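Below, chain A partners chain B and then partners chain C, in two separate complexes.
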Partner chain A sequence: MNKGVAITGMGIISAIGNNVEENYSSLISGNKGISRISKINTIHKNAIMVGEIAFTNKELEEQLGISPDNNYSRTALIGLVAAKEAIKDANILDIAAYKTGLISATSVGGMDMTEKYYYDYLESDAHRKYIEGHHAGDSTQKIAEELGVKESLVTTISTACSSAANAIMYGARLIKSGKLDRVVVGGADCLSKFTINGFKTLMILSDTYNTPFDENRKGLNLGEAAAFLVLESDALVAKENKKVLAYVKGYGNANDAYHQTASSENGDGATLAMEKALKVANLRPEAIDYINAHGTATGNNDLSEGRAILRVFKDAVPDFSSTKPYTGHTLAAAGGIEAVYSILALQNNVVFPNLNFTTPMKEFAIRPQVEIKEKELNTVLSNSLGFGGNCSTVIFSK
Partner chain B sequence: MKKVFINGCGVISAQKTFDNKAFLEEVITYNDRVMPVVNPVYKDFISGGAARRMALGVKMGVVASNLAMQDAQLDSVDAIITGTGMGCLIDSEKFLSKLIDNNEEFLTPTSFIQSTHNTVGGQIALGIQCKGYNFTYVHSGASFESALLDAQLQLSSGEEENILVGGVDENAPHTLEIHKLIRFVKEENTDTSSLLESNTSGAIFGEGAGFFTLSTKEQESSYAQVIAVETLNTLSKENLEERIISFLEENGSNVSEIDAVILGNNGDVDFDRYYNLLSEGVFANTQQVYYKHLCGEYNTASSFGFWLGAKILKTQSIPEVVKLNKKQTSTLKTILLYNQYRGENHSFTLLKQC
Partner chain C sequence: MLNGELLYKGSEEEPFADFIKMAYKNLETDYSKFFKMDSLSKLAFLGADVLLKHENVVPEMEENIALVFSNNASSLDTDRKYQKSIEDNDNFYPSPAVFVYTLPNICMGEISIKHKLYSENSFFIFENFNPDYLYAYSAGLIEENKAEKVLCGWVNVDKEEYTAFLYLVTKEKTEIPHTIKEINSRY
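Up next is the complex of A and B:
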């Protein structure tokens, strides 16, 4: 019987908390992390709301004990915080004892520093150390080094907003195939002017709190976050008598092949991704107890995803909610933080509420779960859908 | 475990490699710090309007994937897996320069949309209406090999039958300029025909796209078999030989079985030592091959090396221009590729004759 791939540790930093415990506490008490932006001086600051991590870069550097002459982007800093928590949670004392890899995900990479020093680089050598930190693989290399992952499989995935879900999927496949005994998987993305302005030009940023699956939704709030899971082989789990938090039971990735940024009207890609994941998990749709939806609160996503959910689950749609009203849309990290939330849901038998919802959408009758709901959960499905038609689903089970 | 075959190639580079019938009979030499690509006629593959909207990297990726599918006589594939170290630099720079120059005003979404790292993979899928698995790896010098490993896993396990896998990187003016400032690009114009004797720091930068159709079925067009791929985030010079030997052993091979070793030397005096250790050490008596004097250095330049290996095995010939030493080779059965960039992201790829 396919038990799935064991998850033995997790770590997270987001707008609603600096570790797993703080995130859970905010989720159950309904504390949103959405506010006006404070750390980036953008002309849009009064027109948008974001999910910002509380710490400044300097505070993060101090906590991590990194020397001040480092060339870390904010993506690398928050990524390292979450990855370290995951390693600690998995009670890993000697990372080199087993074949350990790292699969991270990011869309922004070191863009925060590039946009700050873009022309400055040409004038003076004061900040040129950050040039090497621009590319998307840099934060991953730094996290690997700090964790002590050496001479091993380390890579980075960037498929826009489904990136971290894909990192989890690939990590699970590497464990199943026996290529690795253990792999740290997840993603990190910090806020940047680049993404704020990009989404602004697409006119999909809400000027107030985001309201997924609501008829009057106005768009998304951008957020920054990082989250990582530790996946371990059955042999390692048995040998070390490891505590298993949950299992990666199924996964699927498909392409909408419809438009570079918009989702197809009927959610073809999302439907395929969910169907593939159910097939890998060898589960029927009715086995899913809760869907942590992508639910970005854009007009296009929620309609397309809602229709896809209906296509897969027909007239028996399980409880579903989007947790983006808490954190904002954290882009490449979203699949990682929502994996942590799915595991927390399983561990605590609780469906997190879809905050800010008031008016059902007129296109369909399904409604998200709006109150916190306690019930026995055995299987949670998490969706992540991105630019380039990239659609991913990961199924977690007890 | 199913076998994995390379059934089609599409390579756009600083040489005229897009013509699959040719094999480096004519070579272009450069005396510069950067090499441009020899462009195919993009309009033969993409409509004029679309071609104008696409940055070079997207165009190269779409056309290279097209060529690879034609070469293998495929209309569709099950999955598309792309590697790109720097992503869509041209559109990223366009959007960012405008953003800074106009203080976040008067921006339009086009270049932002096309700046996303998975634009090439998404555009290929859109073009051939492939709704299958679509991943993009963005891990510096190991981006292409990460994609290759993913494809190999899915094919050998029998999950998929045909996968399009490729590497693509483009140059953009600002990124080039700042990489000149930190001397990742050579400070002097350098003659590509004597690249390895330059004795200077940095590399001649290049760009290009190399796409391949990998399949579980052998056919007439098959070039070679992909036996194994391994990537390592770090590797000390002391451990290099040992890791190569164990990689070969794990995959049922050994040093004496290697008929040619394809090395990623880029003429950077600070990092070519890794390659020299092998060419002077464990592979001193093996036919050595190099290629970055033909295509330049970019994060996915090793896709050019992969093409070279495939082509050598298919044609059973090694062009003089890529030979690093002269050894007698009768039949060419097994080829090892080794690449690293600036001492990081090492990769080993093992290819065998079909």
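Up next is the complex of A and C:
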């Protein structure tokens, strides 16, 4: 029987907390992390709401003990905070003792610094150090160095909003195939004008709190976050007598084959991703106890994803909710933070509420779980659906 | 050219934009989305379209055909166009319609949309045409049952220089063996 790939540690930093414990406490008490933007001076500041991490870059640098002349982007800073927590949680004292890899997802990379200093680069060399921190792989390299991950597999995945889910999937496959004994998987994305303006152009940013699966949803709130999981082989778990938090039971990735940014009307890609994940997990749809939906609160996503859920689960749709009202849409990191939330749901036997929901959508009868609900959970399915039709599903189990 | 047979020939002097438009007309490709594509997508799309049509691939079948493409200019041709649209402060217009093509793998997306391919796809950037890699990657996809067929090749556009070389690998053996030597001889 396929029990899946063991998860032995997790770490997270988001708009609702700076570690796993704080995130859980916000989730069960219904504390949203959505507010007006304070750390980026954008002309859209009164037209959008975001999920910001409380700490400034300076505070993060101090916590991490990084010298002030560093060239860390905010993506790298928050990524390192979450990755370190995951390593600590997994009780890893000597990372070099086993063949350990790092797969990190990001879409923003060092764009926050580039947009801040772009014109300045031409005038003086004061901030040119950030040019090298621009590319997506830089934050991964920095995290790898700080963790001491060397001479194995260190790579970056950038497939829009499904990136971190794909990092988890890739990591799980590397463990299953025996290429690595241990792998740190997840992602980090900070807020930037680049993403604010980009999503603004697409006219999918809400000017108020995002409301997934609501008839009157107005779009998404962007958020920043980082989250990582530690996956370990069965042999390592047995040898070190490791505590297993949960398992990566199944995963699937599919191409929606529809449009560069929009999802297909009937959620073809999402349907395929969920079906593939169920097949890998060797589970029937009725075995899923809870769906952590992608649920971005855009008109297009929620309709497409809702229809896909109906196609897979027919008239027996399990409890589902989107946690985007808490954190905002954290883009490449979303699959990572929602993996942490799925594991927290399993550990505590609790379905997190889909906040801000009032009016059911007219296209279908399914409704998200709006109140916190305690029930025995054995399997949680998490969707991450990305631009370019890159759709991913990961199934977690006890 | 399709299997050694000339399908359409443009004139030597002709700019790419005219060539590809005439090729589209001559090959009787009826697909209105073609006109909004960038050069790389147009080239890859037309190449794939003639090949898949010849192989009787119809979208309704939703075949499991993986796409494995490569080139050395990535999406530079479109990147330059996009850069031009934002470098002049007085004439600043970052068009989302151009921006979406500033990635090379978008051309595979266009092919997937037309032919309803929900399959595996990867785009590699190599210095030069790399048949060894393409061979190993596509053979792997077929061996591991990730795909029934693999549409493979090299699609490159850099200013007025352009090349498209595509071939279809199938699970069933055909008269053309899938070997590195054979790929090289046809490139």
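Everything that follows uses one rule, which is that the second predicted complex is superposed on the first by the 398 of 398 C-alpha atoms of A that agree within 3 Å, B and C clash if a C-alpha of one lies under 4 Å from a C-alpha of the other, contacts with A are read in each partner's own complex, and residues count from 1 in each chain.
Here, a contact is a pair of C-beta atoms (placed from the backbone, for glycine too) under 8 Å apart; a residue touches a chain by one contact, two chains touch by 3 or more.
Small disclaimer: the values here were computed from a predicted structure and weren't measured.
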| item | value |
| --- | --- |
| Clash or fit (per the criteria above) of chain B with chain C on chain A | clash |
| Touching partner for A:201 - first (chain B), second (chain C), both, neither | both |
| First (chain B), second (chain C), both or neither touched by A:268 | both |
| Touching partner for A:155 - first (chain B), second (chain C), both, neither | first |
| Partner chain in contact with A:384 - chain B first, chain C second, else both or neither | neither |
| Chain touching more of chain A, residue-wise (chain B, chain C) | B |
| Chain B versus chain C as contact partner of A:292, first or second or both or neither | neither |
| Superposed model, chain B segment overlapping chain C, candidates 26-34, 62-70 or 260-268 | 62-70 |
| Residues of chain A at both interfaces, chain B in one complex, chain C in the other | 201-202, 254-261, 268-269, 272, 388-389 |
| Residue ranges of chain B in contact with chain A within the complex | 80, 85-87, 92, 95-97, 99-100, 103-105, 107-109, 112-119, 121-123, 125-126, 129-140, 142-143, 146, 149-150, 153, 157, 174-175, 177-179, 181-182, 230-236, 239, 243, 299, 344-345 |
| For the chain A and chain B complex, residues of the former touching the latter | 42-44, 102, 106-107, 109, 111, 114-115, 118-119, 121-122, 125, 128, 131-132, 134-138, 140-141, 144-145, 149-160, 166, 170, 173-174, 177, 179, 193-194, 197-198, 200-202, 253-261, 268-269, 272, 386-390 |
| For the chain A and chain C complex, residues of the former touching the latter | 201-202, 254-261, 268-269, 272, 388-389 |
| Sites on chain C touched by chain A in the complex | 96, 100, 105-106, 109, 112-113, 116-121 |
